[in-house]
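In the two complexes that follow, chain A is the common piece, with chain B as its partner first and chain C second.
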Partner chain A sequence: MKAQKFTLSCLAIIISLLFGALILWLMGKDPIAAYMNLLQGSGLMEKAKYAGRQSMFTDFMSFIDAMTPMIFASLSVALALKGGFFNIGVSGQMMAAGITAHILAGFIPSRILVVIAGFLAGALIGALIGWLKYRFNVSEVVSSIMLNSILMYLITFYINTFYINPVSRQSKSIVDAARLTISGFRWEKLKVDIALAFPLAIITALILQWVLNRTTYGYEVKAVGLSPRAAYYAGMNVNRTSLLTMTFSGALAGLAGVSYFCGYLAAIQPGTTPSMGFDAIAVSLLGGNNPIGCVLASFLITVISKGTVYMSSRQHIEPEIASLITAFILTFASCSAVLDRRKKK
Partner chain B sequence: MLDMIIIDGLSFALPLFIMAIGGIYSEKSGITNLALEGFQGFGAFTGAIAVVWLSGIFGPSSQVPYYAGFVCAVIGGGIFALLHALLCIRFKADQVISGVVMNILAMALTSFLTKSINASLFGNTANKFMLGASTRITIPGLSEIPVIGAVFRDIYPFEIIIVVVALVMWYVLYRTVYGMRLRACGDNPHSADAAGINVYAVRTVAVFISGCLSGIAGLAFAYSVSANFSPDIYLGYGYLSIAALIFGNWSILPSLGACLIFGFARSGGAAIINQLGLPSGYNDLVRILPYVLTLLLLVFFSKHNHSPRALGQIYDKGQR
Partner chain C sequence: MAEPIVELRHITKRFPGIVANDDVSLSINKGEIFAVLGENGAGKSTLVSMLFGMYEPDEGEIFIRGKRERIDSPRYATQLSIGMVHQEFRLVSNYTVTENIILGLEPKRKFLGLLPYVDIRKANNDITELSERYGLKINPEDVIENLNVASMQKVEILKMLYREAEILIFDEPTAVLTPQEIKALLLVLDGLRDYGKTIILITHKLNEIKAIADRCAIMNRGKLVSILDVKTTSTDEMARQMVGHEISFTTEKKPAKFGDVVLKVADMSVKSITGYEAVKGASFEIHSGEVFALAGVSGNGQNELADAIAGLMPCSGGSVILNGQDITRASVREHIEAGIAYIPEDRHNVGLVLDFTLRDNFPLRQYYSPAFSSKGVISESAFNEHGQKLLERYDIRSSQGGATITRSMSGGNQQKAIIAREVDMRTPLIIFMQPTRGLDAGAVMNIHRQIVAERDRGAAVLLISLDLDEIMDCADTIGVIYNGSINKIAPASELSVDDIGLYMMGVGKTA
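Moving on to the complex of A and B:
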């Protein structure tokens, strides 16, 4: 069963990459060279030449930096899906966590505080969605879409009115002492970005794997996700489990938010929601909703998104091709869930 | 000022309404449709290409590109919607996930194609198609009535198209055999099947129609909001129209009410902020209104809301 899921995910990836190669070939580019550029841009292969203070190692470290929020975001989606929720509100939860941490860090610049603030802010929004679901039977999909827009406009208003950096037209930057990424750290002759949240992301994935497979709570989450009624008749507290699941899912999205807005980036862009919240759905589906799978899938998707900058400059292709390939992977992954179901019958 | 509220409110509410009708068609047939956002974007994209290409042939003053653009938007939106139908019906994918996937795919595909087409056909590097401003019509006589006269003043031609199409769609859904079958498929596909209805075909057509109608809305938004097509068209209006149709309890007339409330809340709020002399940043606060309203109403009325009974369920002939 698990091996089968793995095969299906690989199949989705291979088909999508072939699709992408076809497009590149139709545009008159060399697909193999383009895909090698992706790896080079992510610091997984040696580039032909490097600018001063840069090397394959610095590229790899900034790749890790970009991958960290993606791991958290996909874990958030995966946990919710396990518990029978479709958390499409990751973007909104990320923004809420990001702005809360930004404001708090203005008073007390501390990294631990940023992480805690992000965790709590995300958890609060997640809990609200879960509460609306069980108390008023409001579909979590609709309420999280509404909350995405509400939070986006609210935060845009706040940034534009009180917290704008007039030069960059973004929010002000978080102070370095509270930022979760040490940017431009001097090491030997290199300038390295160090993602402090990355170990936390890996540990979180491992803990989540352990919780889902080895604890009573994890068992209840999966039981409620598969059939709330059966779980209810088995004597489980369905409402409490659902609420907890959404709370933790929101908290993970919050961690994604702080590692994105207070780590990978230092500021918040008003007027848009981060597309990472939606890409995370792709990553989670690709990873088979399994925490370890999510880490592997995040790795792949980040190779595509991070490596594109280098690829598009080398091959003169629009950088939008990255999101296109990600979208293909997503499309095939959503079909592969079906093949899986069919084989089970 | 009241005139402005009515004129702007209507030009926002009507595209929202036609998209909501599309959503109603799809959801009444039993297919959850979160993909409206993607459909309208893709429809706007195909329509915008047609407009740009045809204005090169007919010249900027001709009205042909405008109407041909809407025809192409309908076709483009419909064809893209067939992909959603393919995933949901043929491949039996989860409808919610498929809807979200469609939105992401539409966004990626249109922004990639817009840049590529601009680069290869028109030789520039812009990420948008300029449409030019739409003409506006004032109906003589009717527009001189005090207050409500504003309804007939400065209207976009697409508003008339939308009203006509909406009337036809209302008739088809509630007064024809196809409409009745469509509603049956959404409530009880198994008995519909037993009555000799091809559930898959009915649902596919319903999703196709929802794509067509969203295409109209997409190009209308492209004309009225920004006068160009760019990836900025994905502002979440598709989700807003889903809110409107849930709010309207999956029927066409109440959904019109919801759309009008959203439209007037938006234009009214903007007018008030303008009047009070507040900075334009406060507009963002007003834009929250429809979403908060929807959330609150859902909280109070969720128990009275009746979604189609088989909504979101994958129909499998062999299942019992």
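Moving on to the complex of A and C:
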């Protein structure tokens, strides 16, 4: 079962990369060189030369920095899917967590506080979606999409009114003491970005894996997600379980939000939702909605998205090619999910 | 001599793991009612599905009107004027009768000679005329979702006739009907034969065949056993050939020893999901060591009654008392803990989490208890041991033991798993809701033995079934439910099948 899922995911990746290679080749580029550039840009392969204070190690560290929020975001989607919810509102939850942490950090610059604020802000939005579902039977897909817009415009309004950096046209930056990434840390002769939230992301994935497989709560989440009527028959409190699942899913999205807006980035871009919230759906599907799988899939997708800057500069290709390959992977990963389901019937 | 209109020669069809049809040859004459008789899983449905183009045979040939045909789709079957009424109706529920019937063959007219539109008035007239000709009275403008099952079946039949089908296949048409509706349907079939239609009737009900069919093919485990002339063959002989051996219709059981009252249901009322009163003031008692069987036509409140006793639905009135404890307003979990095991009717959506492994499904109603977890952490070893124990003790067949995904198992083994799980809780009350629906004779016998064994252990058993044979076989006491009320309660020895049939129809209600 598990092995089969893994094979399907690998297949989706391989086919997508072949498609990408085909497009690169049609454009007259060398696909192998391009893919090697992706690895080089992510600090997984040695580049030909480095600028001052940079090395493969610094590239790798900023790759980790970019990957951290993706892990949280995909875990958020995965948990919701396990519990029978399609949390398409990760973006909005991320923004809500980000702005809350920004504001609080303005009063008390503390990293712990930023993490807690992000967790709680996301949890609150998640709980709202869950509550709307069981109190008024509002589809979580609809409410979370709507909340994406509501939150994005509210936050945009707030930033533009009170919190704008007139030069960058973004929000003001979070103070360094509260930022979850130590940017440009001097180590030997290098400038390294250190993602402090990365260990937390890995630990969260492990905890989530354990909770889903080894606790009664995880058992309830899966039963409710797979068959709410059987769960009810089993004497489970279906509503409470659903509400908790969405709350925790929102909380994970909140952690993604703070590690993105108060870590990888230092500021919030008004007027747009982070695309990571949607990419996370692809990542979660690719990872088979399994927490460890999510970490692996985040790694892969981040290689593509992070390495693309270097690839496009070296090969003179538009960076959108990376999004294209990611889109291919999403398509094939969801095809394999369908394939998997059809096999079971 | 009548001419054969359908001829099957050496048809073999295999599915992974089983041979559904094994070298079946038969020919069906024009204008006859040809019955195909067999137990569940004997291969009847597969055989006729090939005639309707839903599967293609692996080996063998099909001749229609003397010409060899490769029927690769229902569309082509329709062109050959073959029609089929499936067990599950295929109707668009928010369309009218007419719209459903003409779907795909709409009579068209052109507005101003240019814009085509469906001539619904002509269609309505056509359908009315068609329904009157064949005695299938129906209002063509009714919307499907407002119709009862019997009327939907009429629509399905009209759909075939509208397409000018000559060979009409009916897959278990009477399974969903009440006795009166069955009578009406048999009359319709008879009338269709008079119009020269050829009818292929799949069923496992012997008396229907006796009443109407001309000839009858008997299938057992994918093989054609024989083709009989119905007039000259007794139903006992048909039954014997169907099962392949002399069947004892009764489960052996010792005389019942009733103990104390375990379950006392007093004046219970239950509202259905849609809000009408499905159970109205039902009262009965079940003793320890008693099988109380509740008979009734489908949809007379059995589901709501069972769900309410098991705590899945709230009672709107009355009380449920288990061993002296009032559990009327208790939660589902409190019902489980009070000691009610429940084998629900819908084994796929309610009784099991199909995508769980077998091992994870066994503790479904006990996972939180100290035997399986402590402080919210599941004991994997307890799950494994429990799974292994049940697999062995109840002889559940699965390809990968406890790690088997439940969805991949056969229906019989899924039901075995549910019964194993519930029976193994050793509760004072066990509710069996339609426990043998869709299972083959061997599995049915096993489940009946289990029901009696639970009774002998001292459990109170509530058996709710639509199958009168099952009720006669297992019951110590029989209750009959009609329109949400319990119409009659009597010891099983005092009621005949005919009596029960009458009470099921509401006779004696006022007496």
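By our rule, the second predicted complex is superposed on the first by the 344 of 345 C-alpha atoms of A that agree within 3 Å, B and C clash if a C-alpha of one lies under 4 Å from a C-alpha of the other, contacts with A are read in each partner's own complex, and residues count from 1 in each chain.
We adopt the following convention: a residue touches a chain if its C-beta (ideal position, glycine included) is under 8 Å from a C-beta of that chain, and two chains touch if they have at least 3 such contacts.
Small disclaimer: the values here were computed from a predicted structure and weren't measured.
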Contacts of A:232 with chain B and chain C, given as first, second, both or neither: second
Partner chain(s) touched by A:9 [first = chain B, second = chain C, both, neither]: neither
Which of chain B and chain C A:145 touches, first, second, both or neither: first
More chain A residues in contact - chain B or chain C: B
Contacts of A:312 with chain B and chain C, given as first, second, both or neither: neither
Touched partner set for A:87, first chain B, second chain C, both or neither: neither
Partner chain(s) touched by A:326 [first = chain B, second = chain C, both, neither]: first
On chain A, positions contacted by chain B and by chain C: none
Residue numbers on chain B that touch chain A, as the complex places them: 34, 87, 91-94, 96-98, 100-101, 103-105, 107-109, 111-112, 115-116, 119, 236, 239-240, 242-243, 246, 279, 281-282, 284-285, 287-288, 291-292, 294-295, 298-299, 302-303
Residues on chain C engaged by chain A in the complex (per definition of touch): 312, 331-333, 335-336, 342, 344, 346, 349-356, 360, 364-365, 367-368, 373, 376-378, 380, 403, 405, 407-408
Complex contact set, residues of chain A against chain C: 1, 214-219, 222-223, 226-227, 229-236, 344-345
In the complex with chain B, residue positions of chain A that touch it: 27, 86, 88, 132, 136-138, 141-143, 145-150, 153-154, 156-157, 160-161, 278-279, 281-282, 285, 318, 320-321, 323-324, 326-328, 330-331, 334-335, 337-338, 341-342
